[in-house]
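What follows is a pair of complexes built around chain A, which joins chain B in one and chain C in the other.
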Partner chain A sequence: MTEPSISRDICLNDGTSLKSLVNTDTGRIARRIFSDPELFELEKAHIFRKAWCFLAHESEFSDVGDFVTRSLAGEPVVLIKDDQDQIRAFLNSCRHRGMRLCRTDDGNTSYLRCPYHGWSYGKDGTLVSVFAEGFYVEKFLKKDELGLIPVTKVETYKGLIFGTWDENAPSLSEFLGDMKFYIDMFVGRTNAGAEIVGTAQIWDSNANWKLLAENSCDNQHLHTAHGSVVQLGLLPPDPLMLAGGNLVDAGGGHILHLVPGPPDPFFEDLGLPFELRAEFPANLSEAQRSVAKRTSFSVGNVFPNLSFLHVMIQGDPETPPTPFLNFRVWEPLSATKTRIRSFVLVDRGASAEFRKRSFETYVRTFGPGGIFEQDDMENLEECTKVNSGLIAQRYPLHHAMSLHMEPVKDFPGPGNVWPTSFGETAQLAFYQHWQDCLLTGEQLELAA
Partner chain B sequence: MKNQTRVFHGTPDYCRIVDWLYDEAYLLDHGRLQDWLELMAPEIDYRMPVRRAVVPKQGSGFDEESAFFADNLSSLKTKVERLSTDQAWSDQPVSLTRHMISNILVEKADGGFAVTSAFLITRVRADSPYDFFSGERHDLLKSVVDGLKLAKRTIFLDQTVLKSHNLSFFF
Partner chain C sequence: MHQVGLMSLENDNPWVEVADEAQLEDNKIKLVRVKDVKIGIVKRHGRIFAFSAMCTHARIFLAPGRLGADGLIECPMHGAKFSPEDGAVRCAPATEPLLVYDAKILSGKIVVNCEGRLQAQSKEAVASAWAKWTTQ
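Moving on to the complex of A and B:
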């Protein structure tokens, strides 16, 4: 897929050029993009209502009628397993008065019944019955036209369920593009695939969603932001030891880094138990295995707002370094507030002991109670707050680390790949794509 | 709670336990975290399950496998040591917490006491929003030679969406 060419610029209400906000040649990002309500509305229109956004995981639905409630572009959606074992997704809103139908995080139901006047929908979204149907005539109650509003497209990749409101969206596979190569290493490497452990941690942060996404491809913050953990001896004391590995711009705004561990097979293949690694050859290509072999941990972001962490770490000195796999959605509530929905996944083929230790390692290090993430939230909330100032906004932010470096030619995986995990080139690729989405979207609107 | 095993308000054991809980809250609210760790039994299981928004027929909504805390003594020590470094940015400047503990119900249990208490914890820090946390703790307090030690604590928070950016303190 070639990126649409963006010839024209767009002016924001105050006359600022949209193209001036992101300068990938010099590595400068305008601070206003982290708090401006006008840009937030553009993001909703041209990113969140168009992109494929992560909604749920197949393992959340075991029985017919199982449902979960989520958000897509800021609007409530419900996903439910229908009688044909198909997972359907609908706007979580009754066609009568708009009432929210499902108001729990999850559950199991035969019908989706509105709490207001009792309109009831089948698991496939069809309007089955309305209250006091005898008081309507057919021409004023066309039930076949009053089904639930479906999420325009719903597709699944290796257990990950995505949805989009855009009928012109490319297939999910096309949208994920080269990122699939890397996603496979996390959720497509073992015979039985991965599943969610328990349920999501959900919390709110007063941070802009892009800062949260950007921080998911930022290996250079570890030594300072997590200095407390360095002091405890749970991260290497030499900051440059973390500079190894690669940064990847997989296209489409999808980015990640891949970082090796100490030279020991224990830290290769994402540090997974050897019995799980034995399943790699049946599921991953030779190139994917070659990338996995050199990787101990990897963090990245699937555009726009699905970050993943595959981190091998210790939550305390008595537990050996243990990998965990975490996906989190940064759901923007406003330009300066984000709801975080964070899931731990584990290979279905993992032992019960590993599953427990992997989950505990996540909880002790990440999430609101984790010794790493406590400090991440501190930085990202403060950046959001300070960057909203008009004096501050006269001066752009600086994203030029390793900007002089050329991508490597001989990497086994796809994308633009830089020869270090210390750099801001991948983050710039994220912001460039962000800007392209807004420009392309606005031009289409103007043309229409 | 059965009458046969209930330890009633006003009895010497009840008073001992209330004093223990107040002393613990005092240590937590005065930054005496090393002293707080001394109150833990070696097998301490310190956990806060994730709570889902559910209807009553689904039960309490607490998930059996997911958690905001899943700590043992080693990871609690790590958290305390982290807070004592000068780079724990979440708590630089320092967080001011107040643990208000009430509704204390005590029952005799194997080797000690099962104690339920309600909490209201406030947290204030620099110009950050005022944080409130309410909920219930289920403790297992073990009788040892020199008093009582906390062997298990499960924290049931009254929130399904955590309205706070971190949980960098102890409940």
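Moving on to the complex of A and C:
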């Protein structure tokens, strides 16, 4: 709907047209895209092995030897700070038998050691030691050719480290495109930037990754799915009070919503403490400040699988509304199972008191123990399960809310921007891009 | 690998030149070879230390590069740690200390005195290990 559509089409194994799965003119999405293994393989080939995917944040690496283990297109990856203070990313696999070298989530190490036969690699990926080296001759053990396999491209934007397996990928900056305007509002607004607080929370959900991603631009489920939170008084009582704001299609499948709070300066500028807002002019453009000023909370998804929540809410009925920034990566394990890796970020310049309150607000509302997360996971797991039924799949899903609306002309930020946060137009842009990636990828495969 | 210079084990002088001082960075192990035996040298707090470059645990060659933040030599394979000063074991799984050699700076060169104590780093070492284990 918002990007030029691909003219060609391909057939799935059962003869179904790929283009028939997403209809942005009528707002219909085929249910099978949330459980079909054939489509999942196409997604891995043409989305996850090609896109820039979020891997880590620079603040996770303070000292030489600090490492984290992550996943890129379903393959294990280790990132480690080498002796030259450079953050390197490698396939987390020994060149000998393929064993996963590093099996903890994070830590500090001097060498990456294989637990199987002991082959050991330096922090720069070079093969240092081989067990019983005297039993090889040099021509059959060329150590300089047996270093760890690097992630093809690694680039950083405002502290966010992304990687891709595609040597022909555009630059990260080009890939993020107009979404950078909005990302800056979250991680580039203060002088010292943002940092991760604590460590990642990780859990698995029996939900398709796209449902998790699209829920990150869904402002209309709050009063139903999170009804208990409304009853606690943590959300406004009138279901339509949150319909204001905007939906944004920033291009490239990147989407978000921007929602204002009550008419009170306390809720402007994402509800941040005023001393942090004072740093905005030095770091954000006038247009970015204008968008931030009208925004109390914002949730979105950087295509394909990095969602962010900037939510201002009470962590409990006794504490004032407090904003937190949460990044979450949806790592698909199969068509119907997703590993979730969730991080809390805070501006480095924030006070200790705000940092603590912001983190506590997150853990009470989101993450595995959060009241909102319970509601979301229950709904998205059930959607995945029911949508896998063959009878159910005869009938497409409905994504037509606010489909009649035209994008606004005078919004200060880039992208296609709709005049409400109650709508499904941004989600349709995500699905259109998803479909285009599969169609374009298949075209390249055939041409090759 | 530094070539042995004018002073060598071939004459009566036990001191062997193994590197130029300028080649050594503080706290960074350099591997050199004396009579086909790998030894490690490192400069720390202005002093030079030399040690057998083979871990006493699994006889893995120690690696060049920085000492750990704790100032110790660490085996890249199983993580045994040794003091560069006296070769003492500081972390399992090794139980035997590293053989260490006298070392000093002489006219800008690093010289090492191995005094015939070069450790066998080959099949003889395996035979010796079996003998030691079976007589325990």
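General remarks:
Following the convention adopted for this analysis, the second predicted complex is superposed on the first by the 443 of 448 C-alpha atoms of A that agree within 3 Å, B and C clash if a C-alpha of one lies under 4 Å from a C-alpha of the other, contacts with A are read in each partner's own complex, and residues count from 1 in each chain.
FYI, a contact is a pair of C-beta atoms (placed from the backbone, for glycine too) under 8 Å apart; a residue touches a chain by one contact, two chains touch by 3 or more.
Note that the coordinates shown come from a computational prediction; the quantities given were computed from them, not determined experimentally.
Residue contacts after overlaying the shared chain place A:E378 against chain B, while chain C stays out of touching range. Contacts of A:D83 after superposition: chain C is touched, whereas chain B is not reached. Of the two partner chains placed by superposition, A:E174 touches none, neither chain B nor chain C. Contacts of A:G118 after superposition: chain C is touched, whereas chain B is not reached.
Judged by the touch definition given at the top, the superposed model places A:S110 against chain C, while chain B stays out of reach. Shared-chain residue A:S129: touches chain C; no touch with chain B. When the two structures are aligned on the shared chain, A:E41 is found in touch with neither chain B nor chain C.
Looking at the shared chain after the overlay, A:D9 reaches neither chain B nor chain C. The contact sets of chain A with chain B and with chain C never meet. On the side of chain B, the complex with chain A involves touching residues 48, 50, 52-55, 58, 61, 63-72, 74-75, 77-79, 81-83, 85, 87-90, 129, 160-168.
Every residue of chain C that touches chain A in the complex is listed here, in rising order: 58, 60-61, 63, 65-66, 68-69, 74-79, 122-123. If you check the complex, the residues on chain A that touch chain B are 103-107, 197-207, 224-225, 227-232, 234, 315-319, 339, 344, 359-360, 363-364, 367-369, 371, 373-375, 377-379, 381.
For chain A in complex with chain C, the touching residues are 63, 83, 110-111, 113, 118-120, 122, 128-129, 131, 133-134.
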